[in-house]
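In what comes next, chain A is part of two complexes: it sits with chain B in the first one and with chain C in the second one.
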Partner chain A sequence: MDGVMAKSTCFDLKQTPLRQVNQFLHHQVNPADSVTILNPDGAHNLAVGLDLPIAVEIHGHAGYYAAGMNKQARVIIHGNVGTGVAENMMSGRVQVKGFASASAGASAHGGLLVIDGDAGLRCGISLKGGDIVVGGSVGSFTAFMAQAGRIVVCGNAGDAIGDSLYEAVLYVRGEIKSLGADAQFEPMAEADYATVADLLDKAGFSHDPQEFKRIASAKQLYHWNVDANQEY
Partner chain B sequence: MGPETQPTNQPIAREESAGYDRRIQNYIYNAAAHGLYEIRGLGAKRKLPHFDDLVFLGASMSRYPLEGYREKCVTKTVLGTRYASKPIELATPITIAGMSFGSLSANVKEALGLAATEIGTSTTTGDGGMTPEERKSSQTLVYQCLPSRYGFNPDDLRQADAIEIVVGQGAKPGGGGMLLGQKVNERVAGMRTLPEGVDQRSACRHPDWTGPDDLTIKIQELRELTDWEKPIYVKVGASRPYHDVKLAVQAGADVVVVDGMQGGTAATQSVFIEHVGIPTLAALRQAVEALAEMKMTGQVQLIISGGIRTGADVAKALAMGADAVSIGQGALFALGCNRDTYFQAGEHHSAVEDYAALGTAPGFCHHCHTGNCPVGITTQDPILEQRLEPAIAARHLRNYLQTLTMELTTIARAAGKQNVHHLEPEDLAALTLEAAAMARLPLAGTNWIPGW
Partner chain C sequence: MCGIVGLLVKKPELRASLGELMVPMLLGMSERGPDSAGVAVFGEALPNGDRRYSLYSDRESFDWKALLEKFQVQSDPAANIHIHSNQAVLLTQTGSNVVKSWLKTAYPDLYLLSVGRAIDLYKDAGSPAKIVDRYQLAALQGSHVVAHTRMATESAVTPDRAHPFTAGEDFCLVHNGSLSNPYSIRRQLEPRGIHFDTDNDTEAACRFLEWRMQAGDDLKTALQSSFTELDGFYTFLIGTQTQLALVRDAFACKPAVVAETDDYVAIASEFRSLAHLPEVNQAEIFEPAPEEIYLWTA
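And now, the complex of A and B:
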């Protein structure tokens, strides 16, 4: 690697098939390389399974599962994305300059997902340790069954946010339509303000952490039924 | 004559109710005392139309048998030929079903892998991710993508030999996994990103797709992620297999796995186990029909599971049109599930008292959910899990799988087949009206297929 310059490559999806682009991203890149993808035209499964610290920029809208299962790479989508952007991400950073559809960051174990615009239903569903920052608002069922990680929402949240949460923590700046089963508001502690400030900084937003509310699990669903052994 | 009309010398004062028999009475007393449904392991216990209700016709004047021991009978089975560049090649059509580390101990997962590898078949991960032990011990390992996505990660995906998207399982079509707190120890909790000791109820729906159209894209994502190398299976619990198989094929599956209602589980509500889903026999026939109508027979392989116990079951499943079978509970029994002894440090030890402590006895136990398995199979307890020694357990399972394969070839040769995959419905007859209707096979001694 020493002395080898990081290389830049550009693909036009109108010219090169998706499978070829993904296989290039899997096998023909080195750390610090950058790849630009033009004319995605809503293609699904773009830049999935990346496994090196490379930079990928997608100019246009992407379909389902953009940057799915990402590890280490930094991916920017200059457009909107379909369902499941950065689903099951392990590490790295994925940024959507536009809006994201359903299940953004689903089951992400690590890394940071930034959505500049709004996110649809089930943002951060089954989250397992990743962080998500949404510049706009989120739809209903945000963080459904989320197990670990943090979600920061700068706008409003729809119905049933935080339903069946485990240890994930949610911060919302705007209005919340309703809490899901077993979700509760909790007081913000110093550590929460620091967390929000840090995530906002990493995502490039400048809101005041004081404006955010914390939502976490009331842990009433952790065990099957507290009365289970009740005998008469 | 049904039992209700059988002559009895009981006086009318001692007449038992058919509707409110003592089993139902106990169920009601239990519900009244606890206010909570029963959770248990294994599969449906009720009697169902099954492979036992079919027989092979065997060779005769018009059919030419093969010599039972000498003549070749091929058992090789290839799965995933539709799109995968690296299909799975197995030495036998009998595979090991997905069972999680968490529900099973790491020793058991290792034993399953060792035995499967020796026989030349595949093992499958479960709702707890892939353990290093099972990857190391399994030559061919199928990696499940489940609704919960516990421990799911791209590195394990890349080191899997095939990928199985689990939509449902036969014990509980429409339900997610369940692992009660006593089994969620430090390692299990860590692999699943859960608090230790939590009563884990897995998701019943996938987090990032919601129907067959989405599934098409999800399958493509997994293919793109793994460079189109690995076969992709779709597993469904048997509820509407005719439609589900068609939708799975349409979505791009290489292999469809159909799990009938006799399929086991580590823990689920007993009402779910006994009352949701259809029998394996009925599900298999519908799945075969769906593939045939789509002209996908042989292109998309079909694996059937749910109560496959014997070589005869395997042979009947293949004759009805399955390409392979998957075994879960049978494998656990081979490891000593429900036995009165366990074999540790070179000798047998009685487990009877430990069964009694669970309120049960050898032969009846379904207390997998408690984590206190007396024979060290469905446990995370550091003492109990030592009751199963991987090398010994693997030998038992290898013997069992070998027996099934030998029984399978015995039947195939008797039916005049040089390849177990040449067994066909014409080789079978049904013993009961129910089995004849479900399997769409003639009642033995007649040409009658009820409802056809």
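And now, the complex of A and C:
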């Protein structure tokens, strides 16, 4: 760090406007700095667009798009989050200690999103290469049109998981209400067990990878089939 | 967009602060619904036979005292009125058909917002903050409240198209979302003599559910039928004299968060409307699941 000491800063959103906090996070931090944010009270767009390896801890419940577009930073939310946590994440790590609302990790290109509690509907929608580990259960339409990346679900999954999947791969430990169009169960290979073990380890969960089932695309939607009569 | 807000207090001593607790919730949803707002509040029910009529005039200078005097002379000498700017609540024992036709003849420009033994209704076009001030909503008392901030998509921005909508007696509904079959619902109900006041999609949902309850369904059964009969996106919050109900459609695109403690159950589109509530950090907080019926009794 060229002799520069990492600094830690604390903001109370009851005192400091959100925009000022985000501007600080964008322009006034150096690698290894840490920032604590208090009283988020459901505010939207907290700690979005971070672009350095800093550590951010949010104490309380955050609103929409918390830690969206994250790059490099490690963000921990000690509470619940609204729609679109870590949406479009490029790299880094975002952890939600409570539950996440809809569209968690939407379109994430990289990085790791860990949700200790449940995730709502459309978790990992259009995932583009990021990894998501959910400690609890996920709602319906998980990984809808997900293109790349992995999702590990330690609990149960709702309806239509993996609908219109591309190349993303899903691992579910609990019960699955229904598979989406073109999603199918596939046998777990050694590489799958290793992947699940690695992601569980990174996320801090200690389940047996043997308990997980693999879901991936049957690839029947990749090409238009006139005889299918819109039934897949 | 739109914002929905609901609050039911479980302890009688909290009824006096219902409005005070609710107002920051409503204001918190201003960005989701900046063009209109409304509140239905359920208080102690009048004795059977008595009714409260929430009336709305588009003139702030409307002479409610003259209306009351005329009504006392022509119908019920014991009638009373509570005035809140351009809204007033008329209390009377006169039968509701008589009251309604009297209003239609004597004051055709007035809107009848609600009828019941427990419900009062305030709604108007304008920012939620303005409406909170105009009707002094922080002073509201009662056991539960159903409120809404509107960002119009399906019909014009006018006071009568603001939510909550009502149907029958002591029944109201607010909606975040949009229905795709309100006209087929309407065509189903109108031949049965059910009158619509507006072209708003939410009114169709409100009248549909109230019609099911008139037909003998309890609230839960009526809501169950909404999952098959109402097509579109919705988070509905429904208030009756004794209950608050919350449902989301199968796709659950329209948000809701519930915070429940021993003292209250609070519902809003987003947590930011619940953050100020006492002991909210100790509350059980959850998002309602799609096609599940959540009911609370006052």
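Assorted remarks:
The criterion applied here is as follows: the second predicted complex is superposed on the first by the 224 of 232 C-alpha atoms of A that agree within 3 Å, B and C clash if a C-alpha of one lies under 4 Å from a C-alpha of the other, contacts with A are read in each partner's own complex, and residues count from 1 in each chain.
Everything below uses one rule, namely that a residue touches a chain if its C-beta (ideal position, glycine included) is under 8 Å from a C-beta of that chain, and two chains touch if they have at least 3 such contacts.
The structure displayed is predicted, hence computed values, not measured ones.
When the two structures are aligned on the shared chain, A:Glu87 is found in touch with chain B, with no touch to chain C.
When the shared chain is aligned, no partner comes close enough to touch A:Lys202: not chain B, not chain C. Once the two complexes are overlaid on the shared chain, A:Trp224 sits against chain B while remaining clear of chain C. Of the two partner chains placed by the overlay, chain B and chain C both lie in contact with A:Gly63. Of the two partner chains placed by the overlay, only chain C lies in contact with A:Gly139; chain B stays clear of it. Contact with chain B, but none with chain C, is seen for A:Ser107 once the two complexes are overlaid on the shared chain.
Of the two partner chains placed around the shared chain by superposition, chain B is the only one that A:Lys71 touches, whereas chain C remains out of contact.
Looking at the shared chain after the overlay, A:Asn22 reaches chain B, while chain C stays out of its contact range. For the contact definition in use here, the residues of chain A common to its chain B contact set and its chain C contact set are 44, 63-64, 83, 102. Interface residues of chain C facing chain A in the complex, by the touch rule stated above, are 250-253, 255, 257, 270-276, 281, 285-287, 289-290. Residue ranges on chain B touching chain A, taken from their complex, read 32-36, 39, 148-149, 152-155, 157-158, 180-181, 192-195, 198-199, 203, 207-209, 214, 217-218, 220-221, 224-228. Those residues of chain A that touch chain C in the shared complex are 41-44, 60-61, 63-64, 80, 82-83, 98-99, 101-102, 120-121, 139-141. By the touch criterion stated above, chain A contacts chain B in their complex at residues 18-19, 22-23, 26, 44-45, 48-49, 51, 63-65, 68-69, 71, 83-84, 87-88, 90, 102-103, 106-107, 109, 122, 125-126, 128-129, 144-145, 147-148, 166-167, 222-225, 227-232.
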